[in-house]
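You will see chain A twice below: alongside chain B first, and alongside chain C after that.
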Partner chain A sequence: MRSPIRLERRLEQPKWLNWAVPLISLVVALVLGAIVLWLTGKNPIDVYQRIFERGFAGKKAFSGALEMATPLAFTGLCAAVAFRMGLINIGGEGQFYVGAIGAAWVGIAIGSAPTGITIALMCLAGMVFGSIYAAIVGLLRAKFNTNEIITSLMMNYLAGILLNYLIFNSTSYWRNPDSPQFPKSKDIAARADWNTYKIFGVEMPIAFLISMLAGVALWFLYKRTRFGFEVSVIADSPKAARYAGIRTSSTIVIVLALSGALAGLGGAADVGNFRGLLDAKGLQMAGYGYTGIVVAALARRNPITTIFVAIFIGGLTKAGYSLQGPDFPSGLVGTLQGLILFTAVAGEILIKYRLRTNVSRAAAVAA
Partner chain B sequence: MSQSAVRMTGIVKRFPGVVANDGVDLEIRAGEVHALLGENGAGKSTLSNILTGLYRPDEGTVEVDGEQRVFSSPRDALEAGIGMVHQHFRLVATFTVAENVVLGESGGSLFMNQDEVATRVRELSDRYGLAVDPSARIWQLSVGEQQRVEILKVLYRGAKVLILDEPTAVLTPIEARSLFATLRAMADEGRSVIFISHKLGEVMSVSDRVTVLRGGRTVGTVNTSETSTRGLASMMVGRSVEFERVVRDNPADTSVTVLRVDEISANDDRGRASLHDISLTVGKGEIVGVAGVAGNGQRELAEVISGMRASTSGRISVGDELVKSGKARSAIARGIAHVPEDRLHTGLAASHSVEDNLALKNYRTSTISKFRLLKRRAIREQATALVERYDVKTPNTTTPVRLLSGGNVQKVLLAREFSALPKVLIAASPTRGLDVGAIEAVRERLVAAANEGVGVLLISEDLDEIMSLADRILVMYEGRILDDVPAEGADRERIGLTMGGSNVQEVAK
Partner chain C sequence: MNSNIFVIIISSAIFYGTPLFYAALGGILTERSGVLNLGVEGTMLIGGVSGAWACLHIGGSAWFTVTMSILVGALAGGLVSTLLAFLCITLKTNQTVAGLAITIFAGAVGLSSYFANIWKVAKTPVPRPIRTMDVFGLADTPVLGPILFRQTSLTYVSWLLAIVATVYLFRTRVGLQLRAVGESPQTADAMGISVIRYRYIHTILGGALAGIGGVFYSLAIVPTWVDGMTKGAGWIAIALVIFGFWRPSLTLLGAYLFGALQSLSSTLKARGVDISGDILDALPFIMTIVVLVLVSSRFAHRRLGAPAALGVPYEREER
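Right after this comes the complex of A and B.
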């Protein structure tokens, strides 16, 4: 029994597919979502309109979208950087926590340094902590060829346990001794509070600006540098890389360290720009690291697109929170996000392969 | 006994640029072990793929039990009683033997009856001396036992004709002996066994008849009892073609050694010793041919010299400078160019553009990058010049190399390797799979490089190629160099025998 439709690998991938397919995927996701909404007795157009209003339309809504987008931009970049070399770093979540721990440490410890220096030091701490944490995964992969998906995932749980230990189960440097009933961390020093700018009435956290800069820098790194060239050759064919004298093992470690640094930077932003303390429970509930994988997948590993996708997902999430209520179930936005991911991954296949019907093949053979 | 189980007549199979089978005839009788002998590229695999339904012949007919058949899939062939035991096993490592045996069987019920299958498997294994525990899991088994499972799989489905593709390549001598006993037992029951090999000794000891293929054609079929290793060797290597030796403008200067390999040993991918104390030298402008049947350490030798594989002992030097073991970067810096066997996935990054591939080895140099930044324009200019000079047919320099034809893929590779002005060139099967025009072009480039003083190590299974291009011929067998003779007036038959593992003294007798 032959199935009537086959997938056939495309020899050439036309450029227009790269933007057309994701857009069509999005439309298909919205249509599928509309069917779900309609089945549950809601008016899909009405719901989509409310999501758009609360998530994106207007200065206030867009400010909210940017705030939600910031951590996702960092974790998205974290995943995208590793994807580009064919490494699947699921560990953005844990690297984000560890970065937050490092940045909070600096933020708490810092006394009277000027704000600019404080921000720089917190960023640095977040990056160093995140990159070391991810480099462990890289070393294991480079030395023992362990599967980075498994190790990075397991290290997420470790990082979560570490967070809980620091805040709930010990009297660590991070824990606030004044609040024994409700364990929480010390607040970071006032000077460690990061800036937020108002641009055309939209509140733009400084961390979001940093993520945009990082996106552009990564694009440049991959497009224009020797390192980027080496990464792309390794991704294409590890054998060819070995043949050309490219140091594959150290590149693996560097790419994962870079990936972890980006997630760690996100963790620093979370402490400095948004929460003002190390929120052990909040961080673990948010799951930024996992959502970042979705962001990177939707952005097709492109660091600049990642920023835009982060805004999109950020706005959706924001709308989901603010619309939550009896007539708007909390699972709705999650369902929508799931549908978008599903259609995006399906669309990815259509970029690489084309659909052929076996009928036309039979005709071609006969001809 | 003399009734024919399979008869293939006038089989022609063409691939783009290559004729793999060019009028092959093969007749297999019921109850015989029939060896199919030939060098790599002689067309053995294509022929067996046609018989098992993987390929369709362009011309010719296949008859099974006197009835003409057209197979459109391996399943069709299996239903007609033809089963293949592949060289690379197709087993699920975490499944049991019994589960693997029934895997993919059509028309079975959804749930398998473990006991029933186990009983049948045991019965078959007893009958043919294929000792293996049906409930063991594949990963627990030795390679020899895994092969038995492959054979059981085919027997379980009722195959009357079994094709074994180089079955002894993975076996120890003791395992091989027990395999031969199994093959004999199957033949005695009236089944037919097609035994594909290029080892003369084995063919002599196990087969009833032998068909020799060469260059896609049948050379002939003989009764094993009426021939000898020597007779088979001369059939295999052939002596009909009177080829001309290339006349060099600028002969080799062997007083200057450019490449010196000193007692190199190395392991293969699975960690088994595959090179044993290999020593060789290549002089300035000298072409040294390495003859041998594939899988006797040639790939490992090329990889060790080009720094892709670490050696376990010994040293390699270019001129007076040592090459660091296992460091391709060091080999490139010393002036070793390498045209690997697997051009598209080792020698090139297939999805990258022509221009990126032309910069694959010199992107670290100052012409191509500065302050670790790539000069895109320099990359494009270099590519434009090389595409022109080496006559690469490509739509433009940004086309991915995987879209180019085989001949142009090789040209891209050669353009990069030759333009680096190497001192030593390692060329592994540089003309395999190319069409006649491209073969000629590649050979001319090799000779031109040698004329300019490059020391060339030409590793090839094509003995004609080696005999017409090389100054000196080394013969490799099981990771050792068994013979070292000048190519001028070399004795083909002796080389052929040495390639098959008969040692030199024996030949001399």
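Right after this comes the complex of A and C.
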């Protein structure tokens, strides 16, 4: 049995494919999504038009896209940083929760402090908590060769249970004693510190600026430093890395800690910049960590591209939330995100391989 | 006697362990062929929502409706994993990312939730749930009754499947060839075995079994569809495959151990035992991590029978 199409490994990878393939993947995903919509009796053009209007068109919509993009930029960077070394950290979700818990703790504790100090301390707490939580996964992987995918995922569930415990099932430090009927966390007193700037009428949260800085810093780290070079050697060939004397185990732990720190920073932003408290239920409903994986895959692990992709996926998600109703079922946006991930993964193949039909080969042989 | 807490824990361990076993058995078949399916969670959810849909729309006797629902769930699971097979086997994509894509696409906030919405199956109790049976009228026998004779039909089928799968894998020619494909596809190819065909068939079969596991959630455990109702069971099933050393018999025991952990919180709460529900809820996840750490050293992995070509796309030597 010969298949009509063959994959042939490319000897060199043209540069233009690096941006063309993700774009094509995106278009194919939207076409597949349209087919799903059409098969289930919806008008695809109508649905896409409404997503575009609510997600991107106009200053208000774009402000919403940036707000939603902020957590996704952090979780996207979290996934991208680990992908770069061939590690699959799907624990961004849990690291985000834990970072939020840490940042809320600091935010509640300091009450009111001089401007800037609150933000710095909350961010620091989020990063420390997130990185410790992710470093556990890294240690298990480095010491016992335990598959990081499943452990990091299990730790997402554990972090969710911890959140529920802190807010719903205990009288913890985080829980607001004034609201016994409707359990919620204490408010962050100094949240006014977390600014939102107006640029050309578009509201830009300070946390989004932080995520842009983080993206640039990561780009620098991976492209211009010795550490970044070592990471790419390990990703390409762990054997070569060992012969070159690169300490693979400690690099695994450091990369996962860095990855977790980014997700934790996102958690801090969620508490400080957006919700103003530790929202146990809202955090678990949002699923930022999982969406971050889609962002990183579509951005092809490039930290700067990740920020732009986060804006796109953020607008899509925001539109999904605001349109949700009887003729715009929940789950639609998740399905679209899944399709984007599929086509992004399949698109990687076009970068590595060349599609050849057996017909043309036969013709070539004949000639 | 039959209200003894240990009897209840063991009988509910078998009940809650059944869907885990279906999904894990599917995982064994898939992984034995060398394909790693990380999309089990999403596949189970699609199976579960399709089964609930079928149960609401297919009339006839209770027996017929339930059987059809199970088959529809299996079919849906098989279809989802055909997509995975296409990505991993034909397009040779990275299997971990492809599996993850399946789970995000089909998962709790994806296609399964979308289907539940447009089919209006959410929050409607299924009319004909899978009930526990009274086998030979022995269900009230002391101790053994609730454990062995008051289970669901799917549980009894799963015992049969465990035997069939063991014989298939280790005592038949096709099973031997399957293991060859997972261990060394080059050798298998040289022997004239179609690596592609074996991998496709067993990936799809594995997805169908995961789909049945999902149906058990929406028709037996809850019996109502709830978005994301498997709550990580698919991931636990993936760990169970490793825990059971890629053997159906050991995996069955592992599934019941995890079934016990999952049911412990509701069992103890019903008994008025004062213990934090959060800690009990966390147990299956903590245990999964512990088990993975114990069996995952490189040495243990090879000795315990991990297929050598697991997760590696097969390419014929390029000319």
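Here are some notes:
Heads up, the rule we're going with is that the second predicted complex is superposed on the first by the 349 of 367 C-alpha atoms of A that agree within 3 Å, B and C clash if a C-alpha of one lies under 4 Å from a C-alpha of the other, contacts with A are read in each partner's own complex, and residues count from 1 in each chain.
As a convention for this text, contacts are C-beta pairs under 8 Å (C-beta built on N, C-alpha and C of every residue); 3 or more make two chains touch, one makes a residue touch a chain.
Since the model is a prediction, treat every value here as computed from it, not as a measurement.
Steric overlap between chain B and chain C is present once the structures are superposed on chain A.
Within the superposed three-chain model, A:Leu140 lies in touch with chain C and out of touch with chain B [touch as defined at top].
Looking at the superposition, the partner that touches the larger set of chain A residues, chain B or chain C, turns out to be C.
Look at A:Ile90: by the touch rule set out above, it reaches chain C but stays clear of chain B. With both structures placed on the common chain, the touch criterion links A:Gly334 to chain C but leaves chain B unconnected. Of the two partner chains placed by the overlay, only chain C lies in contact with A:Asn164; chain B stays clear of it. Once the two complexes are overlaid on the shared chain, A:Asp46 sits clear of chain B and of chain C alike. For chain B, the stretch among 60-68, 96-104 or 384-392 that collides with chain C in the superposed model is 96-104.
Residues 11-12, 224-229, 232-233, 236-237, 239-245, 247 of chain A are the ones that touch chain B when the two sit in their complex.
Of all residues in chain A, only 1, 3, 7-9, 36, 40-41, 88, 90, 140, 144-147, 149-151, 153-155, 157-158, 161-162, 164-165, 169, 287, 290, 293-294, 297, 329-335, 337-339, 341-342, 345-346, 348-349, 353 touch chain C in the complex they form. Those residues of chain B lying in contact with chain A across their complex are 306-308, 327-332, 338, 340, 342, 345-352, 356, 360-361, 363-364, 369, 372-374, 376, 403.
Residues of chain C that touch chain A in their complex: 38, 83, 87, 90-94, 96-98, 100-102, 104-118, 194, 227, 231-232, 235, 238-239, 276-278, 281-282, 285-286, 288-289, 292-293, 296-298, 301, 318.
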